[in-house]
Amino acid sequence: MNKQSAMNAYIKEIGGWVAGQLEACTRCGLCASACHFYQVTDDPEYAPVWKVSLLGQAYQQRFTFLGRLRQALGLGRPITDEALEKWSKLVFEGCTVCNKCAMVCPMGIQLGPLIHDVRAGLTAAGLVPADLHAATVKQDAIGSPLGVTDDAWQERIDWIAEEWEVDIPKDKKGVDTLVVFSSIEIMKFPENLVAVAKIMAKASESWTVSSKGREVVNFAFFEGDRELTKKFLNRVFGAARELGVKRIMISECGHAYDAFRWTAGNIMEVPKGIEVTHVVRVVYDFWKAGRIRLKKGAYDDGTITFHDSCKIQRRGGHIKEPRELLAWLAPRAFKEMSPAREQSLCCGGGGGVISIKEADALRLAVFGMKVEQMNKIGAQAVCMVCSNCRLQFTEGVAHYKSGIQVRGLTDMVFKAME
Amino acid sequence: MSEKTVYESLRESGLSRRDFMKFCGLLSGWMGLEFLPGVKALAATPEQVAEALMAKPRVPLIWLELQDCAGCTEAISRSQSPSLVNLVLNSISVDYQETLMAAAGFQAEASMRATMEKFKGRYVLVVEGSLSTAADGVYCAIAGRSGPDILREAAASAAAVIATGNCAAFGGLPKAAPNPTGALGVGDFIKDKPIVNIPGCPAIPEVTTGTIAHFLVMGTLPKTDRLKRPLTFYGHTIHDHCLRRPFYDAGKFAESFGGHGAREGECLYKLGCKGPTTYNACSSLKWEKGLSFPVQSGHPCLGCSEPNFWDGGGFYQAQSAPIDRPTAAAFGLAAGVGAALGAAMAGANGLAKRKAGKTEPAEPKKAAE
Amino acid sequence: MDWTSILHFFRGPFFTFSLLFFAAGMTYRLIRVLLLGWSRDKVPSRGSKAVGVAKSYLKGVIILPFIPWVKRTFRGNAMTYIGGGLFHLALLAVVVFSTPHMMVWKSLLGFGWPTLPFPVTDWLAAVGIVALVILLINRMTHPVLKLITKAPIWINWVIVFLPFVTGYAMTHHLGLRYESLYSLHMMAVDVLLIWIPLGRISHFLFYFFSRTIHGAQAGKRAVNP
Amino acid sequence: MSPRIVIDPITRIEGHLRIEAGLDASNTITAAYSSGTMVRGIETILQGRDPREAWAFAQRACGVCTTVHSFASIRAVEDALGIKIPKAANLIRNMMLAQQYVHDHVMHFYILHALDFVDVVSALQADPKKTSDIQQSISAWPNSSPSYFADVRKKVQTIVDSGQLSLFSHGYWGHPAYKLPPEINLLAVAHYLECIDWQSQVTKIHTIFGGKNPHPNFVVGGVPLPIDMDGDQSLNAEKLSVIADSIKKLNDFVDMVYIPDLLAVAPYYLDYAALGEGLGSFLTWGEFPEGDIADTSKYVVPRAVILNRDLKNLIIPDPRDFDKMKEYVARSWYAYKGGDGVGLYPGKGETVFNYTGPKPPYKHLAVEGKYSWLKAPRWNETPMEVGPLARVLVLYASGNQATVGLVNAVLETLKAPASALFSTLGRTAARGIETKVIGDLLPRFYGQLVAEIKAGNTATFESSRWEPHTWPSRAEGFGFAEAPRGALGHWIEIKGGKIANYQLVVPTTWNASPRDHKDQPGAYEAALVGTKLAVPDQPLEILRTIHSFDPCMACAIHMFDADGRPVAEAGTGFNVVVEP
């Protein structure tokens, strides 16, 4: 029944927003050249237009008169189980939903979100890559895709606080800001926590982490499973409501920011009066407001560049904040890659791709383009505001045996604090 | 009174042999119209003309006026070369022509009948005006007989039929929508005779006389195009020889009558000229000894030598404009129908969406697990 | 049937039918899409959607072919960019700013506008034809385009190509007689009008959907579309 | 019942006309009935079309008048839309119409009318020398030598000898009613032939301004040809000189051939000075506006009605007078919603077909009931004669100097009383007088045009109301023209940029009108009564009177209702003496 479930999901998903854009496509194929997967493989099947065509096919067959007529006469091309399986590989392993394609589309079609919808149908049909789905299940059951149990989390927070001698308030009511980290940061980039704690302390911001809403990542969001996405989001929103915070600060995580900031409001009831913001914005505001002071030119040796994460910059909007920070911290060393900003090239690990073992080879191949970009400007260091990217960069740089240093911007800010 | 050949008649009327040859030269010249640019010459030397005329009696001509306005009669009376007088006195015998003949009433009919009997299979039938076929042909009755009746009889023993003017050729004005009298062109009705069409409103006089001359000399009708128009005169469009053509090619168009472009003699395309699709000799032969033709006089070509030109899309609508335009109401209706169908389809799609929403929970949620 | 009658048919009743079919078909598609349901965007914006939309159109129309970061995309798709760009330029010049076509609009709308000199539109028409051929070759050779091009898209090409080439031949009296070429041109135009609501040439309408959505999405995030 | 003769077709007219006439024992006509037999439905065809194009359709009502319907049509549209044409355009139009008068009248006299009076065969008996003397005595026309007339005679002889009489075949040659001596017959035949050549070369004003003739082109709002003395395609000095030459050629023939011939022939037919009067009531819409067309006082030919020969009291008719300008169908094959007793204003005309005639084949029409396709137009319930006689009488009555002089001179030459004007001969003479009067207008209009050009008034087209979007959503207009054959009126109604209703009341509808609801006969019918036929099956006398009106049947029978289906009218009833 894969087909039926997928089809039902598509029928439910397709509204004017989807249809209007599907109708606009002229089959010019330009989106292919924007896609890093197509660029490294030269496989036309990675063309975003092709990835979306499953949704297009569903639309044509079920929502148009001629399509329905053809179906009724038995002339339609049926969507087969094989096709679904093939598309599962295409859109989960071969797409990071980075939406770069939308930037080159002459019609401006939002291919990323449409591919997200394609994923949703495949998820409904149970065709999510096993690794990705395992993480989702883990997050559902334990609260963390990395399997960090509540106890482990408590231990880890305590350990970090102790080790780096920082104060990380837990479940503290009445504070202004609820900070939500990802398991990756907690387990792999603890310095992010330290940096946040130090900056908060310096800025005299009252804040807390929550044991109920401790995980910012949302693997159901990768899958396009709307109900589960809401469930995961609700854990954090619930915690925020309970703690009475004024805002939720998403740490260095991309898709989570997309989910909390730009998606939640349209798929569920979100608590009113609680702002959702990203750590880069908060840090920037502190700096601008003089709540923290940064040493000018702290990183002004060698060449440092900034990687725009698709979900935080192109899809999140925080393009100028990191640049202004870097222009202060490394006025001479900071150099832009090309393309950058809204047009930046995805790291290749987003959209849950990084969690899929089978996609490793492709993912690292894609990262080759990023290495090339960095090499072109002679970057010795690269920073970013997304841990997912950072993980990909770390692995990628190692894979390509490049000496480029990979850093989180928050961490850099913290270290440049006067 | 015996039948005399044209030559004999002319000699008796005091014409010298030399004058006669001169006349033949003129005849062949006017048929070929060699002196006019752009009109293909017919193959006929003065000698051939002379030979033909010396051997034959004056060709009798019956000129029927059906649903006409006498405009083509008027036109042929203005033929410059040869003049009608020349033609009538020297080459043909017009035995029935309502507007010009002396006889009236039954004597007129008798004249026609006499010719039809005496020159069975040898006379030329010229038809002016369209043929009304509706209501048994009573919309055009002459001497108590219907147009189709008269035409059928007159054509039966004619050597050839010349349909002069757009009405006779293609139905003309009476056939314009809604064609209230069921008008037809002669060729739509007479199928078993050699017919040549000389469309125009009216036909250019020299084109009619030239075609008659061709028949006189060659004994056959001239070579024609698909619409049975002599190639000599209808081989090119008005546009092909138009003196305003360079302006067309340069894209310079008069925007208004009397305006700057009109004064400059620019192309009248925008004012509705039908020259590009109108095959006739106006722009090469012109009217009244080459004095002018409509486009030269500042008025767009109406396209009067083409079938259905009255319904050809508006005389002041550029040729590119459509002939029929849907009314705003028709557009509204079409959009309304589209909207209704769209709404119906949207309704069906809405139902499908609701159904998909309902059935979905029943599906295994995570088949892969 | 002579060409004149054929021309009358394709300039007259059949053109009317085509136009009405076009109107009905496009309204049908518009209404069907509009009524599929649109949920309100409840997420608070960071920037202005209106500004985003404005920039989106500006970029879509003017800037796209010239901005440096498109270089990479351009390099891989030169034929699409050049062919597509020139084709649309030619299309605009020929359909809107050539005298004969302006007169068509005038007869339908009741008002006209200044047009380009004939040599300009004429050359642009030729450019349009060449552009279409480039696009065809591109579609036949580019792996992605080969993959995503199904029968209706090939038909699109033919149906768009025919009015161009018949129109050009007609203007220059190439081959057949003028009214024959004119008939063929009108036939092609009528078929085009009927085909538009059935195929993807309708993107000229849905362009406004996707371009607006694109601009609004970027605008609310305060990024450049 | 008295015997009745039928003539069908009446030839040498425009269109198809049938005349039935009842005779008494002395072969004198006691009652006459006219019927037209061809319809095309131009009014129906005009429905829903662009009013700017109406002139082209209306123009084709007649190829002989050729311009007059265009005039009436463009004037009707200009009237409806409130368009004032430039002065130069008005002068050019006046010149075109004046040329049409001269051309048409001369052509009518020689080609259509002369053979009623001239016995072609008799010309063979003529002495060319005597003919030459006559010619030289009446005018300075150069073709006057004895050898010239001998040549003409030879040509006619050749034709007759050939046995192929061509246009002269089956004429009433030798009929006792032909009264001209052979010499004058020969003179007339020579001029008949000359006229055909002459008329083919004097339509240059039409050809220059309208591109061709017949059916030159017109344009609502002015004239198509621009004036630009520096232009090569516009009206320039070269074209003006062609026009000047053409005017001279037109008037020379009138002065040296037409008028002298008229005066030479008339004395032989003075019996027709007392025959064929007809109605004695006349109508003109007026013509040749020399100022604003709305100002009827600036017309050369005034707009007037004459009732019962009363030249002292000219009445100015209003074509928009609902109560006075009416058409009746009591004896016509139409039905009005309000019944046969009512008349309808043409602007609100109805054309519902109602054929009540006998089933074919029939020998004669049921003249006691409805018997014609023509409606009966009436001014204030009175039938009217229109045409040259009406105009000359109106000009005469209103004191037009040239006309008064010419009328008096002609009457004096013929030694006829003023009452002779109300006759067949009077009608024919009036045509000649009018030709001279209007021909002399041509140099005047030409001079005015040149003066306007000198003054820099070269505009020929008023463009402000050309585009349909500048028009009111609804408009009504009246357009007129004094056609050579008489008063012509077009009534138009424009709705939403299209013709909603179009009605024509043409000269021949007035003159050939059937009886009306009050049993008043039309002009033809009235004029024929009392005419004695010398040879009943060669009714030359009928032709003379009918031709004196210059019938134009295709114009007259234009009405048609698509819903009606007439019963076929067929049969063999031409020129048959019908027993009671």
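As written, the chains take the letters A, B, C and D, and residue 1 is the first residue of each chain.
The criterion applied here is as follows: a contact is a pair of C-beta atoms (placed from the backbone, for glycine too) under 8 Å apart; a residue touches a chain by one contact, two chains touch by 3 or more.
Not measured: the values here are computed from a predicted model.
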Two chains sharing the most C-beta contacts: B-D
Maximum centroid distance from chain A, chain identifier (CA atoms): D
Intercentroid distance (Cα basis), chain D paired with chain B, Å: 27
Distance between chain centroids, defined by C-alpha means - chain A, chain D (Å): 94
Computed distance of Cα centres, chain C from chain B, in Å: 40
Whole-Å separation of chain centres (CA-atom averages), chain A against chain B: 77
Contacts with 2+ other chains: residues of chain A: 14, 63-64
Chain C, residues touching no fewer than two other chains: 29, 32, 34-37
Contacts with two or more other chains, residues of chain B listed in rising order: 314, 341, 345, 349, 353
Topology of the chain contact graph, where touching chains are joined (line, ring, star, complete, other): other
Complete list of chain pairs which touch one another: A-B, A-C, B-C, B-D, C-D
Contact set on chain C toward chain B in their complex: 2-5, 7-8, 11-13, 15-16, 19-21, 23-32, 34-37, 99-101, 103-104, 106-108, 117-119, 121-122, 178-179, 182
Of chain C, residues touching chain D in the complex: 110-111
Partner chain C, residues of chain B touching it in the complex: 226-227, 237, 239, 248-253, 269-270, 276-277, 306-308, 311-314, 317-326, 330-331, 333-339, 341-343, 345-347, 349-350, 353
Chain B-touching residues of chain D, taken from the complex the two chains share: 6-16, 18, 37-42, 44-45, 50, 52-53, 56-57, 60-64, 66, 107, 111-112, 115, 120, 151, 154-155, 157-172, 193, 196-197, 199-201, 203-204, 207-219, 221-226, 228, 231-234, 242, 360-361, 459-461, 463, 466, 537-539, 543, 554, 560, 562, 565-576
In the complex, chain B residues that touch chain A: 341, 345, 348-349, 352-353, 355-357, 359-360, 363-369
